[in-house]
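Got some structures for you, see below.
Here come two complexes built around chain A, the first alongside chain B, the second alongside chain C.
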Partner chain A sequence: MNMTTPIEQRDFKIVGKSVRRDDVLEKVTGEAEYTGDVKLSGMLHGKIKRAAIAHARIKSIDVSKALAYPGVKAVLTHENVPRVLHYGSPHPRSASCTKDQYILDDKVRFWGEGVAAVAAISEEIADEALDLIEVEYEPLPAVFEPEDAAQPGAPLIHDVGPGGNLVLDPVRINRGDVDAGFAQADFVLEGVFSGGRPHPAYMEPNVCIADWDGSNKLTFWTSTQTSFMVRGILAEVLGLPLTKVRVLVDHMGGGFGAKQDLFQHEFLCALLAKQTRRPVKMEFSRHETFVAGRSRHPCKIWLKQGFKNDGTLVARDMKLAYDSGAYGSHGPGVTIVGTTAATSLYRCENVRLEGRCVYTNTPINGAFRGYGVVQSYYALDIQMDEAAERLGMDPAELKLKNVVRAGDIAPSGHPILGHGLEICLQHGIDVLDWKKLRNRDRTPDPKRPHIRTGWGIGCEMHGSSAYPGIKEQGNATVKVNEDGTVTLLTGAAGLGTGAHTALAQIVAEELGVRFEDVGTIHGDTDVVPWDIGAFASHTTYLVGTAAKMAAGKVRTAVLERAAMKLQVSPAEIDLSEGKVFVITDPGRCMTVAQAMGPSRGIPAANIVANGTYEPTKSYSFAAHFAEVHVDTETGIVEVKRVIPVHDVGRVIHPIAAQGQIEGGIQQGIGHTLTEDYVIDKKTGRSLNAGLVDYKMPLSMDMPDIETIILEAAPDPGGPWGAKGVGEDPIIAIGPAIANAIHDAIGVRFRHYPITPEDVLKALREKAA
Partner chain B sequence: MKRIVELTINGEPRDMVVDSCRSLLDALRDDLGLTGTKKGCDVGDCGACTVIVDGEPVNACLMLAVEAEGRSVETIEGLQPGVDVLHPLQDAFMRYGASQCGFCTPGILMMAKKLLDDNPRPTDEDIRFGLSGNICRCTGYTKIFDAIKAAAIEMEAARS
Partner chain C sequence: MRRFEYHRADTLEQASRLLTDLGEDTFVFNGGTDLLVEIRERLRRVRNVVDIKQIPGLSDIIYDETRGLTFGALVTVGRLERLALVRQRYPNLYAAFASLGSIQVRNRATVAGNVCRASPSADTIPPLIADGAFIHIYSRTNRRVVPLAEFFTGPGKTVLAKGEIVTGITVPPAGDNSGKAYLKHGRRKAMELSTVGVAVSLTMEGGLCDDIRITLGAVGATVLRAPQAEAMLRGTSLDAATVKNAANKAMEECTPISNVRASADYRRDMVGVLTGRAIKQALEAFA
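Moving on to the complex of A and B:
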């Protein structure tokens, strides 16, 4: 991010066009190979025995009956696997992770944790063998709520970490003088906000296959967003040289952040395969994707802010408590990112923040789209709406007054570039004729007098990298082949966003060839350049810039080679749409294929170049406008219409960018109204670990979405100014809905999900 | 107990030897190698394994393979009318961005085919209702609705 770097403008040939994605033909024909479709000869099936207790010591574990069961080939327990303390979240070069996991331990920390694993000749036999494993537990007192876990004398879940069930030392941020700020305030708002435990519910359950060869090398297929991190931690924990682990992932059935952990079953699968000397496949049931997967951190937030009567925000005091579940996973990263984010969004010079993250005896929470910011901006944005109400002001006007602008300090510590959020907000206000909407006739429809309509606005901003928590590196290799075609090698995962297509577009545009001539190789850690993983909304920004750098280098080399053949100087020629031509005499030209091919004693050749990029950060912005219908008889809230206005910098592939926004809105409507993975507060048992009881918005529930993407504030750190888009929509939609519900029925909700029961109860209390 | 099952898959007669407790989904994927049909939940909740059996959409995970004896099963592998020819729905799904991660796509395409076979001119509500048993977690459905509407119009035009 460099404010003085100009963003190159050009007449784009490929960037900005919705070219056909490179992965979709296989997807619509059923030919796309996902990890679970891989079948190896002699493959065994692995299954995990899961604890039916939330906190306990294992007194004894007897596997003799399971081992004797016909068809069972191996059984693993904490007594026969390596005992190596390791990270769950595999982010490299980062302080934001905690080493608190063993492959298998003699202690159980949540209901559903794996205590043993079986490999057998069929899934059914493996399943049956699990029942033959006898575990004797010594129950320990368990805690299920962060408040209880943080109490002095609460049962300790881990021996490592700062103690007191804290995952990390509290994150504290102080700017300006908060007490002086409150002293200037004309009024103060204070409230407690909370968020549930939404689950990403990617359609492809976690799955992996392990296969060892005669040289003791492990080939490992797994559905992961972070294949090189999987390679690194597997090698470390299994005591292998890095290159003795090869990780493969082709198509992925979604991840939404949660598939960037190193999961227990992945180690167990590798070890079962090692012990049996046969390939082993481990595939989660849908139930296991909940219990042993990762969900978003439940969070409780206390927020107090001081305002002047003109709407100026003069002080912000905020305490956030994230529930990590039984292990650290992404708890530290989420706490740091979610807390730091609250320095921004709405301008305030005096800020005091404290973020905590606490272990509980519940399933593990990890990375999920929005990464701690969903929670903190829900509170900030709703309280801004409350301030508008108190002031008798239009919330749009108050938000416009306070949103961050160019030069303000972003959570990363950098100045914000451009007025992205202001432009998005103003654009939505204009498009919707917001003032008229606010002043609309609110008389209920006489045919449906129990329906109240409301409109709300939610604002957000989100970084397109994990900087400064992680100093990232993006890599790309671009080859021009002797027939003029181009191959891009990238380690970026293709979890369904269209990232590889965007990268290929960038290469084609920069190099000056046709999009169809660029092929992409990905998903093999033995072949492609190292990649940090697909997360933090950064693939287009980070790897896209690396790809552009590599393409720029090969372009120069192609021009030099063509210049030699055309007998001109490289400065005299240009390359566009696969053709090299003399600028002053375009008739003198050759194709890239001719430039690369043999001629008059010059043999055919390849040109290869690498791009490596270490970015800081850019921010994308969005303002969502949502219309809800609240049924005052049933309490059901229907989201009818959403107008999301996003600034993503330069748009590389419009349809893919819209798809990210529309899908993010679907998931955000879910966590705001219906989705919550519920853990029983008495036993720690999962109560709705399935797709019927876990209620997601489906085809009948989706509103009309009229997506607007503005290239309002391009960032020079991304290719032609491109920024991220993956996480933004899920952050903005939540407060837009909560604020719209308030507009409809005059009730202020400060939690999610806002269920029909909550609505009815609040209406009853309001009437009383 | 193993049983021999004879059935028609995508127009071709096939037979397979399966355990009587084996689901049609596992038989398709593991015994016949037709892995285009996906397993998203294995309990009939998600619709990723939707196939068409004797003209009716079925969650293949909820049907036993032995129940398919003598019946005609259509899967995603049979949706293309010919080599290098796509069904209009497949083409529209690509153009409209209706497939992101793609894991739900085969099931949704089969359900959409059934929908358009029965109802060539569906309303928006018909499409929403028709897909109510198929979970897509990536797209927000918007582009899936657009693609199905576009395919319906193209198929109608091709008929007239």
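Moving on to the complex of A and C:
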């Protein structure tokens, strides 16, 4: 039974078309101003001294030589910065967070943590001065693995929180009767899954500039996804009212979730600027984006599921342990979202889940596209493939049988309105002629006898908005100018996804003006309406609906004003493509400019409206079909073809949506095969904090991607049924690849990244 | 980035003088694709750089049937990669050039710089040694020519003395009876430092292997030869069984380390696989 409401068929003028992005010209000509491009007169450069030890107490810190170094203007240590305990995550409203960070502490909790900051007249001098700071440490025993950190008697990293190095109390979810479920099972599968530490490696390193004016107001440029959170925490920690902190962010070179935290350098930059009374810029090196940025939580998952011989899933018992690194950051959110996600995807009435998040003396893990779900669905989807193997069934068939459907309760606890997973899966099966693919001739090519080919499927679902963890709110303000153009004010950050273009399309469509006539103002907390931040795949869904609401209100006002001028009632007229006309007599018309503008003693109209939207959540779905080639002599896995089938409800901008999907697949291929930020398990030192040895797939490594976007399962909460697409594509590709490798060589991997060495070793073990 | 002084030399004589007079931590600045990265990443302490790119006479490429291919120290990897001659006569060099970094890097990086950096994983070194290349060195008192195989003394270390500058490289002519290959192993297809690189240059005479050189990159302190494996192959028809045994021997002859890129065992395994594949590929010239 398919209860999904079909998408409304209507004639869109702007929505659903790949209009030219409003930022394209600026970006390709290099004119677009990123935070790092901002130059202020008298600007100093700040640098951070980082600890070369993973866990220690600072016995003494001597900055006299650095202070005396020509060109140095200020040095900060834990002895001269405010000691305010604060959240690292910008979501303090979610009760699960613990305040566990100081700007600078007398303790070091991971190798690379900042212990002092310098401001100098040039970046070079600031850098050189770092070497002159002498720090004496009293080393403390350190722990690098969650399992070690969780042992009783393990060295404690924090004295706040629930204790035992837990970031939050374990998240426990029980539905149905798991023991009874296992008792009914014909067979039980059990496995341990684990994930490495992929890093988002956004193109634009973290950067900020702080400038205080004569009225003691801080203007703060920073590359952030959450400018209002930055404003809030900065104000709180610096003891300022919100009127005295203005955060600016224009273009961004990506963030992928990781630019949601309030970072140590952001506080230090503001404080250095305050002390020197000069603007200060701080920009991460690529090395620093690794050690002081945020990565995905490494995870270990114990998964046990019971199945009936007809493939019915009757019990799921799952324990998850996420490695938070040295601070909480998004650990609580990731643990809650990743754990609750495991209630779903494949339907099961009896589930028992327990998610933990543990501090270790390693760099901080934070929010990253796929937020905890990448890890848990990797395990769920691979084990479903194992069940198919055990049953002698086609995995496509077993997955189809078990995927969530209309009427099921979503991880968020509410019923999902638009259900698309079954449709995505079925569509891919049909398009690929999956049965034929599975039954293909598997004899190796005699010219390349060492190559084996394999096909695999991965499934995923992901929510737009962080509800119910956070009760979200989207805001937009729309103004109509007297020349008929329209200004949209939004607090949503533009990470580079094209979100502002989509929002402008929505406004133009709803209002009835041309896309080119909508200008967008964003990224200034003194000007735009409050925004929760660009995360949780929610901008188009949440802010899009708010923008549509605001546009609807100004449309009504414009129609009223035009009706007055045309001397008809508003019900008699319509507005389309910038023109107001009488429905029964389209020749009687005027432009929006004429409606808005002054005439015969009437001043120009001032039409402004706000839209505020408080959604629950929608879910988007995808099934990825991947083909791999495995070189059985070198162990190298090449992804050759991916057919991602997504349901994202109404598509606002097809090319942008496709771009999200292709980019997610690229990142997902990296996570699954080549990317892992490696921390030395003896010292806590980073072994590949840079792009030489942290290996992201590049253009030449990309497979053919034949994206299919279905508009099958709209969510009434999004604009014309639109749902999110940002995070989805990174989730399904991992298990699709792992399952394809199994199809190729008969080896089951339950971890990522799957390296060539792993493949060779497994092949040898299999042969032995 | 740490501060350093930039000096431009207009002649070899002046460059050499600057290199000796400016004291410690003074380096030739060629394409800069290694040097600048090392300064930025604080891998090398540098006080002065001497830019040699304006010195005349170091940008020529000459091919001659008897002397072979000679190119100056300023010739970029990209220029050589685009030469039909290189593609046809030196498919091994072509493979190395085409796999180095990215198009942008190759348009800046020089082969001389790649050689002088003396990285065990440098891509151009294995095929150049396998081909028996030699290197031209200038100093104010003496010009010398050194076989490339004798140029390296350790990772990042060469026989170059203070004030010496490499002016060019000569690769012997590629005869019709020769077959060549270079295979690079990495995790991705571009912008990748090799985990292992294997070059093979061989000549065949009446169906038998007359001579063969096998060089191994990234599995020792310098690029290595595999003399025992080579000896097992000379005089044979390079049949599959012999090649397999020789590839196993090459695995014994290398001395890899473990690091974040790969374990020593895996590198050794890849020496075996790539040696076999490189010989096979070199033989395709005769097919």
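Everything that follows uses one rule, which is that the second predicted complex is superposed on the first by the 755 of 768 C-alpha atoms of A that agree within 3 Å, B and C clash if a C-alpha of one lies under 4 Å from a C-alpha of the other, contacts with A are read in each partner's own complex, and residues count from 1 in each chain.
Here, contacts are C-beta pairs under 8 Å (C-beta built on N, C-alpha and C of every residue); 3 or more make two chains touch, one makes a residue touch a chain.
Everything numeric in this text was worked out from a predicted model, so none of it was measured.
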| task | Classify the contacts of A:Glu145 with the two partner chains as first (chain B alone), second (chain C alone), both, or neither. | result | neither
| Is A:Val692 contacted by the first partner chain B, the second partner chain C, both or neither? | both
| task | May I ask you to decide whether A:Val28 touches chain B, chain C, both, or neither, giving the answer as first, second, both or neither? | result | first
| said: By the touch definition at the top of the document, which applies to A:Pro756: first (chain B), second (chain C), both, or neither? | reply: second
| message | For A:Asp743 in the superposed arrangement: first (chain B), second (chain C), both or neither? | response | neither
| said: For A:Glu128, using the defined touch cut-off, is the partner it touches chain B, chain C, both, or neither? Pick first, second, both or neither. | reply: second
| said: On the A-aligned overlay, A:Thr634 touches which partner chain: chain B = first, chain C = second, or both, or neither? | reply: second
| field | When both partners are placed on the shared chain, which of chain B and chain C touches more of chain A | value | B
| Is A:Gly496 contacted by the first partner chain B, the second partner chain C, both or neither? | first
| said: Is A:Asp323 touching anything from chain B or chain C once the two structures are fitted on A? First, second, both or neither. | reply: neither
| note | chain A positions within both the chain B interface and the chain C interface are 124, 690, 692, 698-700
| query | Which part of chain B faces chain A closely enough to touch in the complex? | reply | 21, 29-30, 33-43, 45-46, 48, 75-77, 79-80, 86, 89-90, 93-97, 99-106, 109, 127-129, 131-132, 134-145
| query | For chain A, which residues count as touching chain C in their complex? | reply | 123-124, 127-128, 287, 633-636, 673-674, 678, 687-688, 690, 692-693, 695, 697-701, 756-757, 760
| In the complex of these two chains, what residues of chain C are touching chain A? | 1-3, 41, 185, 187-193, 259-263, 266, 269-270, 273
| field | chain B partner contacts - residues on chain A that touch it in the complex | value | 18, 20-21, 23-34, 36-37, 39, 124, 200-205, 251-254, 256, 283, 285-286, 495-498, 655-656, 658-659, 662-667, 690-692, 696, 698-700, 702, 705
